[in-house]
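Right after this note come the structures.
Shared between the two complexes below is chain A, which pairs with chain B and chain C, respectively.
Our next item is the complex of A and B:
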């Protein structure tokens, strides 16, 4: 295969991997602190993307036309919206059910997800149709043979990398991160250290959901289009990525996200005649990996309780 | 502060139940400031439940828990800790995937001054030099005795006024048990009020000032450590 074309596939795979990783980190954070699966996560991403789009339209309406300001405000509003939504989900759906079977929370968040994307379909103007997402970043491009390097894609990749590095630093180098890790390992002992458990759970859900908005905007900027159902597949893929990496492990989730994107890309490369089957191929391989390593790729090195 | 009568820990007529099974019935006791007070009792007598009730992990259904004049009864756990209480939990419960130093820092979670924290960390390392050497070790890979040091050090990181210890000698070798009791005595000599929950009657009464015996969720005997070592209630509580 041509090197240029191959590079194009790699670039696309990295972009997808970034989105999946961001979504997967959310799933793994929620599972870490509350041992639950929040199935509304994908639809929270959709809410973030639409909040960003609505903000953009509002900005145009009031005459803010400088793209850097637009990008910053769109991102900020989308992230604040979903962070708030995540905290509300934690406070009113997840925490009250903490003594109930985890399946109940799973069902509840699944239903909430349906409410969210159906609400967008019904109440957003022409919400049933795909919406054009504006290109807010410079679209200059350099062409090398069959490979076109677009500045906006480079910026998206760098921004995504920066966010992932930021999350790593937050979790490992800050007091908040230490508290999150303590709650994830043993919430009861964490409480007796003087950690405000409820607050840490709300903050963790806000962080995870804020990441989803970031991924949603990334998706919009990359594909120039969003739709009310975009969160469904992204949610399932993010969830699979988190599981395959080892649920509860942030690095596992990131690796899982990029792995899934790699599998999709390989699927397209290996079967150019049937690229529609790339998801079938990717999920198939994920199933095989799970059969081989039922607890995910990154195994816990130490047993939780001696 | 509401006068001397409320200094230290006061547990008044506490009833605690899990689901519908009563575990504690009308438990009243006091841990006087500056003293070592112990609570003896066999497995299932409700000792750990009382600790959980004090900490707000399993709030009592009835009764009152007061520390230095602050009513703890309905406070969430982090506010109980803010009142100056620390706990060394049963089974040590170090965070297995965190390093020794991270565990210790969590003990001082509510202290905001880095200077004060660094000083306390230094003190813990002076008490347990081994922990300084191992400060980057993942706690889950340490032996039971080493984890006991982490757990005690962590409990001291908040510079508590009252330290609750839930069976600190459980699962340790006889030599370590002895060392553990010496450390508890030293902690108390530094002015920290100690409430010690134990099954190890003889060694506990040897360091305690005052003691209570819990049996089937009720206080069945109380007295100075000296008196308790003589009474038969202690034996009855253990051997039926």
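Our next item is the complex of A and C:
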């Protein structure tokens, strides 16, 4: 394989991994603070992408045509929408079920996810069809042999990296992050220390869901297309990535996301005759890793003690 | 008891005799023919269009003073559901007065009912269902079809594309029967016509990311990327080709000939070619006459894409009955011999399986955001060029 081709595969894998990692970080944040699995996360991403698209169409309608402004407003609206949605989910669906079996929350969020994407399918104009997402970033491309480097992909990759670094800083360097970590480690003790438990949970859900919107817009800009079912598989992959990395650990989620993307790419490369089985291959390897390290690649710093 | 039963029997016999008397005393013998299609449900627009078109064929024949028989059309609804279709087919088959029928728009229904027609010996002509196995999956002498299948579609596609000068292909197909069928038949015909398949990739019908497949295809460097599948992933593949700088010509199947594909792909749809069974009605050899006659009757619904095929199927049935008389066996044998008969959809010739071999396939290219018939496009005149030409 020549260098150009190899670089192309690496670039594809990185883009894919970035999206998976952003989704996985959401899963891991929710699990960290509430010990719950929020299966509506993938569909929240879809809501974010559609909110972004609707905002774009609105902006065109009122005559805002400067792409940087469009990107900024689209991102802002999408993130605010899903952050709000995430907080509402936390307040009215997750927190009331705090003392119920975790299975109830899991089922509830699974159903909410169905409601969300079905609502998009039914109520968004022609929502069942694939929707074209506008190219808001410069589309110049440089070609090096078999490698096509597009400016927009590069920008998306950098933006994704920046967001992940930002989350890392937020969790580890700020007072809010300290509170989130405290709640994640031991919510009872955190409460006695004067941390507003409910508020921290709401904020964490808002952050995680906002990340989903960011991933949704990234998805739209990268693929130039969004559809009501896009969150389903992304949710499952993001969840698997979070699990394989070690649920509750942000770095684990990021590693898991990139690992999954690498596996999918390798799947196609290794078995070009059976590319339809790339997901089978990727999930199969994940199962093996899980069997090898049941708590994930990076264990939670504080494992639960009785 | 016995006397009552006897009286009843006598009464029935009397009514029957009266009935027979009235038909024989009329000017012409009354002959029944059937139509089955989806009259309710999601695809009912096509079913109603087909029904009206069949009805038009019968009306025109009854208005013809030279016709030997008077025809009555028995219309049944299959709801595009196999179980309902089986009931409808059984009802027609068991009614010995029905000599022949034009049946089914939905492939799933047609494939389950062919056994029933065979069992009852009822000759039928499929007017809309496209699955190859309806005719090729059996050797039933009763089953015929006027419209083309994905086999004809790919034969036309392969001949056309190799004719333009393309030499090499990469194939992406979804792993449903639809996608696999397209892969199989396109490969067969393109190889026969001297083309070469460099690689093939099966994908799931809800896959989102194709970058790995497309990068591999890019390294193979085919002239054309053939896609056997439906609109949603067609849109994704077209967009991602562009992102990866894959410059091959994009060729689709009937599965992407929809406005949704163009809306989803935007300016990237320009120059995409695809092939579809049938043709816009007004482009058919007898399309104009058909539309005129259809409009004269004042039907509530438009004929839709396959109305002309239902008309041609019914008309062929009526012609055959006129020629050999109202007898299922004779009609079946005569239909099997149909070879080069003129109709509004062009010539009809049935092969050993009852499939119309001169099936009409239309070549489309996207020009300025519209699926345009190839012959009328600027690509055909050379004003615009497909990729790599």
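Some observations on this one:
Here is the rule we go by: the second predicted complex is superposed on the first by the 299 of 306 C-alpha atoms of A that agree within 3 Å, B and C clash if a C-alpha of one lies under 4 Å from a C-alpha of the other, contacts with A are read in each partner's own complex, and residues count from 1 in each chain.
Everything below uses one rule, namely that contacts are C-beta pairs under 8 Å (C-beta built on N, C-alpha and C of every residue); 3 or more make two chains touch, one makes a residue touch a chain.
On a predicted model such as this, the values are computed, not experimentally measured, just so you know.
Ranked by how many residues of chain A each touches, chain B and chain C are led by C.
Of the two partner chains, neither chain B nor chain C is touched by A:114.
In the superposed model, A:278 lies in contact with chain C only, and not with chain B. Touch criterion met: A:192 reaches chain B, while chain C stays clear of it. Contacts of A:141 after superposition on the shared chain: chain C is touched, whereas chain B is not.
In the superposition on chain A, contact is made by A:181 with chain B only, not with chain C. Within the superposed three-chain model, A:9 lies in touch with chain C and out of touch with chain B [touch as defined at top]. The contact sets of chain A with chain B and with chain C never meet. Taken together, the chain A residues at the contact with chain C in this complex read 1, 5, 8-9, 12, 15-16, 126, 129-132, 141, 143, 146, 148, 150, 153, 222-225, 227, 229-230, 232-234, 264-265, 267-269, 272-276, 278-279.
By the touch criterion stated above, chain B contacts chain A in their complex at residues 55, 57, 76-78, 81-82, 86-87, 89, 93, 95-98, 102, 105-107, 109-110, 138, 140-141, 144, 154, 158. Chain C contributes residues 175, 199-204, 206, 208-209, 211-213, 215-216, 218-219, 231-232, 235-236, 239-240, 242-245, 260, 263-266, 268 to its touches with chain A in the complex. Residues of chain A touching chain B in their complex: 175, 178-179, 181-182, 185-186, 188-198, 302-306.
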